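Heads up, the next two complexes both have chain A, just with different partners, chain B and then chain C.
Our next item is the complex of A and B:
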């Protein structure tokens, strides 16, 4: 069906290291509708960033390789695209912003030049002057004060929060259909984070851009996303509309995650319930459910068979668990 | 003899008393490397920590919270001000005296990856302070190390392994065992859980709370995560640009913040509940934190404050008790 903007089917992204094969993303499937905001949460090493990089075809090969599956963007498989076609796609239809705004901008060009460059790369009919005007317009849009003058500044003349806005300006300059944001506010302070999230929310609504928000912060997900995928050890363990994830979490890992975070609106002193143990060694993931070793509800079956992601009988909510809540 | 665990002293008496603490770092510039300015990292901090309590110190990056923690432990020489530990003045003490005092004040660092020597075994890391302070013979120290490892939830069987063989959470436990080896009364924990994944964070936070109950520890808990600070602290001090702007009991700070900066900070924290997120009103601050090289005049929050009046640009508001046990540095609090 063409109604899906992005359809990922049985994606497998593996890294071939000296220690063995790391199955960073193993059999992951999900869809995104146009204009939807999807949150991808999980701890470090759960495969959330690798999923995003796979969609952008930015996996370094070697050691990484997309070992299987398909990624359909507007019905076309990204994995079949040539290098030139990919360059055409990146930055115009799909854009990405990264965690670290300090290193993702080029220090030797002005920010205006870097935005204009993106515009000219994808619109052959645009003149230098028009591209520059668009750059100033974009800076204004991401609420950088005095945009006309600031466009002539270099990245080091901007603060962290401002640089992330510049990144957003570059990413949105060509009106992409999909914006992938990989921990866009993790490096920023809370007050600046609030500014940037508010901005992203406003702009994605204004332009109807679909956003894949990758984060480890459940608070950010609650405030910005409509739909959530929870990842653990390379798998999606739960997938549901945002309200259900927080109100009726089905997978024991989601439950554990929610119980282990202190909340600012909680009474003080309540003891946290941590998840016992550690995430599994990604080279040597035990057979069965990857969460079995830490799960309070584990049964014999969980250690032998891997549960598939399936509906739990509450509308759109699905979990990869034999004994969901 | 290995020292016995200290008995919990009466809660409430002041253990750490900080007055007018300043730490300025010189900015060198020009051909001759002359001092051309000063980074006023900490610019007049007053606070006190009571025995057996946890004081949370929060603020955004660059506000001087870590520097304050380090200056209290004399790991950085303060430019001005006084720091008293158990009534003893540290800023004027000789380095020998401070060295002796180190047994009573310890630190847990943020990064469990870089704060442990990769060439040392866990046993060597934890026993180093015991050996430095000659707490017993080899056998006694060995026993004490095993004890400490058990106390922080590590299997003493791993005593001969190296730091890289452990996960982040386990390494943080090693760092905590090392800090506790000399049975300190005061521990500065500088962002002890911010490098850890959420499911592991809770394990370490619980451990810190257990240890406090067991050994009667006093914590200065430095962190940027307000949810974590609220969870663990009895009282909380909020810093902005080198100064404490608000200091109060945890509950009253989070329920009725008096300083506009605290109000904005609290409203900016994302809450993991979509219903709450929908209803909340956010105070979005304009602009960025100004540079501590050239902080604004008067109240240094005034360029971003929606309540600012003429007086705010001229007069530095002192940290005053506005409500019972609730201190704020603002001309127009509430």
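Our next item is the complex of A and C:
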């Protein structure tokens, strides 16, 4: 088995606010293999994005702080790295694309410049012309028509979908080993979503890049990922290969999520089954299982102790539940 | 582009018509009489009527206004009532270089100190550096310049009496000349004149920098692995400068108006000083001329800032 590309152990990222400590990510552990595509799903506030930003070390401090754990990238702990070492890593070995392509590009620079700038930053021996050629090549790769001319255009001259492709071009320009995509298609309309996802899937395979795909859309996960982490209230509650998540979900939360997705083959007029209740207040998380208050299968024990993530006896699948399906 | 400029210049004509009309009506309706001012203690009714007639002040107001506008269209600003037979043009010519000199140096000081101070406060927001620099900015912004100027003079006098320091407390020296004495004389007025604008630029820069630092594309720039220095000075500043250019346009316009308070407290005979004097003596042609000068300059200053926008922000196109 190949060495792990990314190994996150007991990561704790807290935000110290006036209202109290928000434990956005609390004791999260997972691994990624080189070239693997990992989906991270969960509702808003479940800690998906904070996990990703922690790996990038882009948590705004204050109020945020990585309070504990380790993040090993190629065996080296990112949390021990200096600011300079981190900037060397970002954009070159690990890169990230964000949710809103409309605001993620700098409006006053051409897209070609914004790609070439990343290349120049990380490849010291590259001339300006070479960096520019690489930018045009990347625009071509993300299927921007007439890339040579379009490289000289500014972000406002592109549509949302095209801007997200430009973001992908920036992210992949230096052949990173890990690409973190934080809800890359949420702000796009559905047809464009499919195109962008196909593009990411194709390019990451071509470049051999591992992808951490953060989304709240299980449809995206089904189409692109090999492995899935389901997050809830700052914890990973289920972790499994994608097929098993859909066929034999173990955690009641995963079951609830799957039941609340509309399906093409549902009977007309059939009602969706939403998950009752609200996610817990992240400042005062009750003891026991964070999902206990909304869980249809809750037992007395669930309100006392927090279940750890453990194998459920179906190969690689594990769940943080005392009574998994 | 040409179309844009033509449109703006046509707009300028309308602005000037409005400005001349309003200043004319205010002057006409205001109490006080220029001929009475002129005659002073030698008042004599026959002479008063004769002078009033010869200046055309016995005509109905609309005729006076039209006469003024037609002369203005021919480029004739008329003659001063007070400094007899002195063309208004010559009076402005005397004051303008001084006011421009004071204004340009003042603006330079405002930009060179105000903008970096604002950036610093934004980068250190929430720390004592931010509190101190913004507290200072609020103080400078809130205290009227005639009080600052008087405080400055009092301080100089005190230093002179206690420690024998010799430093000029008023005047401007020779316009656009920089002998050691000239420089000494000029420093005080420039600092006092710059104070308010400096504070304004500092606060504006701080606000706009903080706003830009929260933008998604700044996070992108960091995620690309750019050095913090580049993130701030290349990616953030280009965007943060945009609102500063608006204010700069207006400031450019006010360069010709002179500094009303600073020039008067320091006894500097620039346009600001001339304006105030002409108001005291009801010297209508001079009041009108300074208003026209200021309006023209403000419109042109705004035009300049609109053109500057297109340089800084590619989303803005002149058309």
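Methods note: the second predicted complex is superposed on the first by the 322 of 325 C-alpha atoms of A that agree within 3 Å, B and C clash if a C-alpha of one lies under 4 Å from a C-alpha of the other, contacts with A are read in each partner's own complex, and residues count from 1 in each chain.
The criterion applied here is as follows: contacts are C-beta pairs under 8 Å (C-beta built on N, C-alpha and C of every residue); 3 or more make two chains touch, one makes a residue touch a chain.
Model, not experiment: these values are computed from the prediction.
Enquirer: Chain B versus chain C on the shared chain A, clash or fit?
Expert: fit
Enquirer: After superposition on the shared chain, which partner residues are touched by A:262: those of chain B (first), chain C (second), both, or neither?
Expert: first
Enquirer: In the superposed arrangement, which partner chain does A:10 touch: chain B (first), chain C (second), both, or neither?
Expert: The answer is neither, since A:10 touches no partner chain.
Enquirer: Who does A:98 touch here: chain B (first), chain C (second), both, or neither?
Expert: second
Enquirer: Using the superposition described at the top, determine whether chain B or chain C touches more residues of chain A.
Expert: B
Enquirer: State whether A:108 touches chain B only (first), chain C only (second), both chains, or neither.
Expert: Only chain C is touched by A:108; chain B is not.
Enquirer: Quick one: classify A:278 as touching chain B (first), chain C (second), both or neither.
Expert: First partner only.
Enquirer: Going by the contact rule set out at the top, does A:44 touch chain B (first), chain C (second), both, or neither?
Expert: So A:44 only meets chain B here.
Enquirer: In the superposed arrangement, which partner chain does A:243 touch: chain B (first), chain C (second), both, or neither?
Expert: first
Enquirer: Of the partners chain B and chain C, which touch A:220 in the superposed model: first, second, both, neither?
Expert: In the superposition, A:220 contacts chain B only.
Enquirer: After lining up the shared chain so the two structures overlap, which partner does A:189 touch, if you call chain B first and chain C second: first, second, both or neither?
Expert: Only chain B is touched by A:189; chain C is not.
Enquirer: Once the two complexes are aligned on their shared chain, state how close chain B comes to chain C by Cα atoms, in whole Å.
Expert: The answer is 6 Å, the least C-alpha separation in the overlay.
Enquirer: Across the complex, what residues on chain A touch chain C?
Expert: Residue positions touching the partner: 56, 58, 83, 86-92, 95-96, 98, 100, 103-110, 117-118, 121-122, 154, 156, 167, 170.
Enquirer: In the complex formed with chain B, which residues of chain A make contact?
Expert: So the residues of chain A touching chain B come out as 43-44, 159, 161-162, 189-195, 197-198, 216-223, 242-243, 246-247, 256-268, 270-275, 278-279.
Enquirer: Considering the complex alone, what residue numbers of chain C touch chain A?
Expert: So the residues of chain C touching chain A come out as 215-217, 219-228, 235, 238-239, 312-315.
Enquirer: Note which residues of chain B are touching chain A in the complex, please.
Expert: Touching chain A: residues 60-61, 167, 169, 197-203, 205-206, 209, 224, 226-228, 230-233, 250-251, 254, 264-277, 282, 284-285, 288-289 of chain B.
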